[in-house]
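Beneath this line is the structure, given in structure tokens, with notes to follow.
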């Protein structure tokens, strides 16, 4: 052991044997889902069947948002120069930041802060939400996770929350998120529905994930979408084209269901 | 429409409605798996049940390889400077390149080239493999996807191929991969077993994926592993530490099973 | 003009004519220095002859720090996978963050804050410095720009400040930096000399640069160093080697002077 | 010494002493130019006075090209998400690839190949250029470094070559570049003037730089331009705006000279 010796508790690497968080990897292949591996890697333990399904749903809900996000536009601009796939993905990942995906972490912090106030002061969820909303209002800031420039009634949010109820994942944080929606309407007079970032934030709080990891879930989910767009750029477009951010029309298949 | 108008066939974005490759996204949440979404995004169609399970297994097999790969070491060096999660992930992604993950694409190209020779010349898989091996030998190059500096008998490979047989995914490309192993032994006298990159290459060929996407599967699979390591660095280590590439011991849980 | 019309005040691009901040670029080639271009691009105006020399000296002082910084180690880990030069440079750039280079911006903010307190309260530089030091002490934080784990008496700092005096660039901010050194010794009893980050911070304050740009100067300066290390990795080392962070010895030429 | 011991010939780091390629760094601050440091770092030796001026001119010629290049557009898309300066710069760097900046390396390789043919076969520069042009024509490829979609008569090229003549840097490779222009016209009937990438390629060949480093010069030169654009985005634009790639007008100062 050198004086730079360190430890890691993630994966044990031995000749012909890989063990992830104590589970031999070859015993997981074909048995565990990718969503379970995400949970196992980030929490250190295998999720319950219901938590597995919740993580799977969260990842599915965030795989892509078309050509509108800056992560896709930066990735396409890089891909357009003939850069390899991984460099283009990296540029997309670099865009998953404060104003793009960042609301998940910020909303988790807000919800946790409201929960702390509730517990610390022995007040109700409503009183605690009001306190937070007034604080944001005083600082002239938007509450992260509520409202969306495009989706006023995001079907992803409803589906995620319905599933969370069905799976028994929904608890105080989901209640709190809805309390915020009601109090925001009460105080501001405006409908500011929970958006998909806010919904994921509440669900990650329910499953006790560290807010630092919020952006991680978004990145894991979105990489396949980024790759699909970069691949389409490479096979369908000319190099060095000027990429218009809005004058783009969907021309894929319409209206299918499972 | 401006003169920069373009089209995209991936996701249709409308107010309160997201449609991925024609499937309303909210109808997929809770029903489709993440692995299915990966297939849908990259191929444009939903996979069969068996292909879904194969993709899931491929992703699970590649989630992490401990602290040994350069992708983890570059990500940790970035994380150690206090950089945000996404910048650290991007540095890891930038390492998924020619000599790290690149063997999947290179092996796909080799297998496809052997299959083309077989069909073009009307010769057997063995004859075609011999031709390719002799060509690599003449150029003093290693055949990508065969042999591993650490794993002489990679259990991931066996598990993936056993599953592929069970699911009916294994066909000519898997046969060809084994023909290569036998002919490599015959010609070089050395055991150069198919490694996990080679196994994934054969399976992606069986499912008719474009080799350009090979690295994409590896990135999708590995991002959760990268995030787990970066998170561990952030919560367990001091900033700006000197990161030794080999003097690291696993100290997580031992020997568990599902 | 579309509804996405925007303006930029940096470079006008016309056929056969490029004009940077109003200066035709071909009139600058062979006449202006690179350091002058940096100033012109970032401030919008040509620097004085003395400011040019100061910027040049700042850039020269930061070109490289051997194989020790995490920016070099992350860049080498990426380069070692066979990644192209630009991907390796990008990984290095991603390490120029809070704890690596970030002290320049943090020290600029501290110096500006001290100057604001001095002006706002009508107190002396010493009183203002004491106030700031006590605040950092109360929060158990280190003052950015002072002290260095390796260089107790950094010759770069002395040379930069001597030049700043000679060129008439040194003024209140340089005085303030020295006041901090004296007060830190007074209050903590420890020698915490101004380090090179702190010196550059004071000089960028003197030339009225926005602290947001601090890291930019460090990146501009350090890219050639990163490229030299990546190039050495590519021509001198085997791919996928394990890169030890400290067991490295300099074997270049010794003791030369201009 | 561990079994991972390695050497580096770039910078010796000792307490209170940094020595770059044998030159104490504090002896260079205020004396050497940044362009000289670039040469010293990449070649290992101090340049002649004339080579210094040539490198300086090459760097100045490439500092910016307005908002048109994909490197600026990807950097702005990243910056627009609230990402830090270094992440935005990294995205720009990732765009300096095959079709953007890559012509410098490709043109160096072409010029060197023509020079090798000339020497190997004992033929004239013209004959060697014709051989290369015919080869590109047969493969239906464009000769890198010649022609530009916007600049038919690039003033940067002329100024760089005029300076190279004045400094005695221009020799066989500059001649060869002009031979190519003449033969291209002869063979194709089209005017395909040497562009700025081609001019820099010829000059880097004259100074005997490794073509691997070509993109490095472009990156070193362009980072200040990228930073100027990212800074402008941060202080002048709203987050998450849609960045139009062409509907942008220069609104800075007009027509100034040194």
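Chains: A, B, C and D, in written order; residue numbering restarts at 1 for each.
Keep this in mind: a residue touches a chain if its C-beta (ideal position, glycine included) is under 8 Å from a C-beta of that chain, and two chains touch if they have at least 3 such contacts.
Model, not experiment: these values are computed from the prediction.
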| item | value |
| --- | --- |
| Those chains which touch subunit B and also touch subunit A | C, D |
| Farthest chain (mean CA position) relative to subunit C | B |
| Higher-contact pair (C-beta pairs counted), B-C versus C-D | C-D |
| Distance between the centres, which are taken as Cα means, of subunit C and subunit A, whole angstrom | 35 |
| Interchain centroid distance [CA atoms averaged], subunit B/subunit C, Å | 40 |
| Subunit C and subunit D: spacing of chain centres that average the CA atoms, whole Å | 23 |
| Subunit B: positions in contact with at least two other chains | 2, 4, 83-84, 86-87, 90-91, 94, 96-97, 242-246 |
| Chain-level touch network, classified as line, ring, star, complete or other | complete |
| Residue ranges of subunit D touching subunit C (in the complex, touch as defined) | 1-2, 4-13, 15-35, 37-38, 41-42, 44, 46, 53, 56-57, 59-61, 63-68, 84-87, 89-91, 93-94, 96-97, 150-156, 158-160, 162-163, 210, 212-213, 215-216, 219-221, 223-225, 227-229, 231-232, 234-235, 237, 241-244, 247-258 |
| Subunit B residues within the subunit C interface of the complex | 2, 70-71, 73-75, 77-78, 80-83, 87-88, 90-91, 94-100, 102, 239-240, 242-246 |
| Residue ranges of subunit C in contact with subunit A within the complex | 4, 83-84, 86-87, 90, 245-246 |
